[in-house]
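Next come two complexes built around subunit A: one with subunit B, the other with subunit C.
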Partner chain A sequence: MTGGPYTFETDNQYLQHPNPFAEAQRLRDEGGSLTEAALALEAAVQGTESANANAWRQLGEVQAENEKESAAVRALERALELDDNCLPAYVPLAVSLVNEGHDRQAYATLERWLRQRYPDLLIADGAAMAMDVRERVIDSFLIAARSSDGVTRDMDPDVQVGLGILFYGGGEYEKAIDCFVSALESRPEDYLLWNRLGATLANSGKSEEAIAAYHRALDIKPTFVRARYNLGVSCVNIGCHREAVEHLLGALAMHNNKQSTVNVSASLWETLRRSFYMMDRADLAELAQPGADLDKFRGEFDF
Partner chain B sequence: MPASANDIFKQIATGLEALPQEKRKALVSKTKSVFVFDVKTSSGQEKRTLNLKKDAGSFSEGAAEKPEITIAIAEPDFVALAEGKQNGQKLFMGGKLKIKGNMMLAMKLDGILKELKPQSKL
Partner chain C sequence: MASNTRVVLKSQRYGKDRVRLVKVIRGDNGWQDVVELTVRVLLEGDFETSYTHADNSLVVATDSMKNTVYVLAKQSNHVGRPELFAQELGRHFLDTYSHVSTAHVRILQHRWARMNVQGRLHPHSFRRDGDDKRVCEAHVSRTDHSRYRVDISSGISQLLVLKTTGSSFTNFVRDRFTTLPETTDRILSTVVEAEWRFHPAYLTAGANAREDRLTDIDYDEVYQAARNITLNVFAEDNSASVQATLYRMAQQIIEVAPDVDQVYYALPNKHVFTVNLEPFGLKNTGSDATIFMPFDDPSGLITATVVRKSAAKL
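After this line comes the complex of A and B, so read on.
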């Protein structure tokens, strides 16, 4: 759809590991480094797990948490190519597509998920009615919300999250916030949801509340690079550039970048350059390119 | 400390500077227009030109001579617009954002300002 084939890191010690897939599970369960987990999963899908949609889905999730969006999109698309019944791949893919500005594809992905998740649901054929895609998918999700309410008396939190993404994509931030807050009521330890709530608050101009939500996410999952990136973005937006730089450098340090790294985080480097320009430090901005040695910044910044 | 029009101008300038070349060129080729911001502050009119017409684009002081669109707005509304607390269409409907030139370009303004800001990720 958007990404083409996934590009693998060339320098990967897990290629020699006897069971990289099991090692990846261990790293994820123990809250280890996302970069290490991604490498282990890359080795797994290049070996015995190459046709395992679930392994590709996990690789996509880890890359998104590690703030490497285009790699995430490619891995998640591969998961669904292998098995369109791999339900947990849809929502993360929709999220990554919205983040990359591919809104229509994100809505189509959510619609596919809803049809797989609720095959018996009667969804109006909006295409025939020439409705706006986003409004059409929102209508379908609201139908699903009402029907699940009747059966279990609890709303499906995945439906809430899907609705949150749809409202977010249309700039209806207040409604999106309500969705993420109610999804958090049933999943208070879900660090992804705390981050999604934070990003929505940030985009509606509530940087301080956003920062509190990101800290909740990081308390639960300290290695969550994306939340640290977002924390950097909110610091830029409230004019705290030094703090922003320290969060962004901290996130990049978790990547443990080598010169040879293939999947770099464009957003982390871009925001770091921007923060340096805001501090009138064009000299540092010019150094802040993918592959740069982070030790060059250690003298001036704590991270 | 609430942001001022100058903070927003600086954000736009650095946002353009920090974009990688290919994204900058992509923004120019999908916009192909010159925007002038005419912001009313307590100390007078501040004018800036966001040129997204050719090459890598630029942001500069003063007003270009023949922009495709001039946007006249008061400082607090300009700040709210850039921070995402207000949208361009609502400000326009409420008479708080005035447009001279190509009206359709105003519709692109929210998106352009968003692209020049660091993006939070869901």
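After this line comes the complex of A and C, so read on.
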């Protein structure tokens, strides 16, 4: 719906690896480089795992964590094409779609997830009621939230996250924050949730609190490029351009440009350029193009 | 006389100002368009000796600059899009004179609206439909021996507007210097000066440079959108202050124009106060106020720059 087929890196040493899928698991479990994990997963789905929805789902997750949203969307869509019962693919896809501004598609994705997850749930037929899609899906999620024995006791944290995304999409940041905070109570080590909380805080104007949430995410997972990107964005927004540049360059350094030239992170480069412009350094902005040698910036910035 | 160790020439630029130009663009079947511009060209470069040693050997006469404006206007297809004409002029001076380091071109476009005669747009008659000007600036400078940096901005100048209600001003600091009463209903009038900036572009020197990054931007559309937003927000916003209204205008321009990252407004508050008619036994305050007196001086002056913010990702 948004992209078409996934584009693979052309230069990938994992294509020669005997078991790239197992190697990808190892890299992920050990908190290794996301770019390496993505390459291993790309090799896996180009080989024996081409019809494995779970492998595609993992590739999508890794690319989103690595701040490569359009690659993430394509991989996650492929996972659901292969198997619409691949439940863990739905929420990450909805998140990526919201980030890309495809809100209605994100809500539809969450609705599909809810139907798969709670097949017995009586979901309102919103089309007949001519309701706003987002409101309709929120209603369904609230029904799901109460469905456990009819009372709102231990809420399914996935339902909380889904609701968080729905509130976030409608600009209801306070409610979204509540959802992510309560989901974190049952999953305090979930770095994705810390980042989602941070992004919601940031977009509701609470940059300082957001920065603290991003740091929690990075403490748990230091290679989490997206949290580093978000940290850069918050620094830009509070006017700390030098710090922003250092976070963004740090994130780009993790990409290891020599091994990743097809799926570049447009958002990282764009925000880096914008930071340079704000520092009145158009000379550096001109250099900040995908594929640039990051060593050119080392003299002036620590990363 | 020539050498004086106590002073140094800190900066200099010179050129021709107020070059007036009308271009007629002839279309099919007698259909014609007209563009009226006022152009200023200022050059920076190795002209120090003309100031310090009365040496004119490197000086390009400002009269020649004026001639250049007309020659390029004759040859250019960009005159109807002043942003592109401005950068074309700027690049020409850098291409032609190797000792020019930066060219600053500022163009005012005057309004000529096609006349509507008996319900039909007239093919060659126009009327002035407003004193406000479209302004644009292009600054072209050398980054090294083969590349230019081009900074373009556009704006609105001298757009005079007034609304008779829908404006209040309350809750401001009250101290021993305060005499202004709070008001929930006042006349609001301003002369809009606005400027929006595009990202710099980098081009190779010479006439065959690829201009895609510049020509891909629809400057006319951004200008129309910005002018409409300015007018709509001014009219529709229930103004709590000039500051709050200004911010809404700038915010909306950045939202609709992806190529724009920065918007500046300067809005003088042209005060129009009620006249005291009490000595004549006439009510002229609050909802009875109908007679006012505009004050040219002093005026408030509210300025702000609003920039695009990056969004965090879930």
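By definition in this document, the second predicted complex is superposed on the first by the 296 of 303 C-alpha atoms of A that agree within 3 Å, B and C clash if a C-alpha of one lies under 4 Å from a C-alpha of the other, contacts with A are read in each partner's own complex, and residues count from 1 in each chain.
Everything that follows uses one rule, which is that a contact is a pair of C-beta atoms (placed from the backbone, for glycine too) under 8 Å apart; a residue touches a chain by one contact, two chains touch by 3 or more.
Remember, it's a predicted structure, so these values are computed and weren't measured experimentally.
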item	value
When subunit B and subunit C are modelled together on subunit A, clash or fit	clash
First, second, both or neither for A:Y168, with subunit B first and subunit C second	both
First, second, both or neither for A:G239, with subunit B first and subunit C second	first
First (subunit B), second (subunit C), both or neither touched by A:K221	neither
Subunit B versus subunit C as contact partner of A:A266, first or second or both or neither	first
Touched partner set for A:E286, first subunit B, second subunit C, both or neither	second
Partner chain(s) touched by A:H255 [first = subunit B, second = subunit C, both, neither]	neither
Which of subunit B and subunit C A:R57 touches, first, second, both or neither	neither
Which of subunit B and subunit C A:R134 touches, first, second, both or neither	neither
Subunit B versus subunit C as contact partner of A:K68, first or second or both or neither	neither
Overlapping segment of subunit C (options 58-66, 76-84, 112-120 or 238-246) - the one that collides with subunit B in the superposed model	238-246
Subunit B/subunit C common contact set on subunit A	67, 69, 95, 98-99, 165, 168, 195-196, 198-200, 202-203, 210, 226, 229-230, 233-234, 236-237, 267, 271, 274, 277-278, 285
Residues of subunit A touching subunit B in the complex	67, 69, 95, 98-99, 165, 168, 171, 173, 195-196, 198-200, 202-205, 210, 226, 229-230, 232-234, 236-237, 239, 266-267, 270-271, 273-274, 277-278, 285
For the subunit A and subunit C complex, residues of the former touching the latter	67, 69, 95, 98-99, 165, 168, 195-196, 198-200, 202-203, 210, 226, 229-230, 233-234, 236-237, 267, 271, 274, 277-278, 282-283, 285-286
Sites on subunit C touched by subunit A in the complex	143, 149, 199-200, 202, 261, 307-314
Subunit B residues within the subunit A interface of the complex	1, 3, 7, 10-11, 13-15, 17-20, 80, 83-85, 87, 110, 117-122
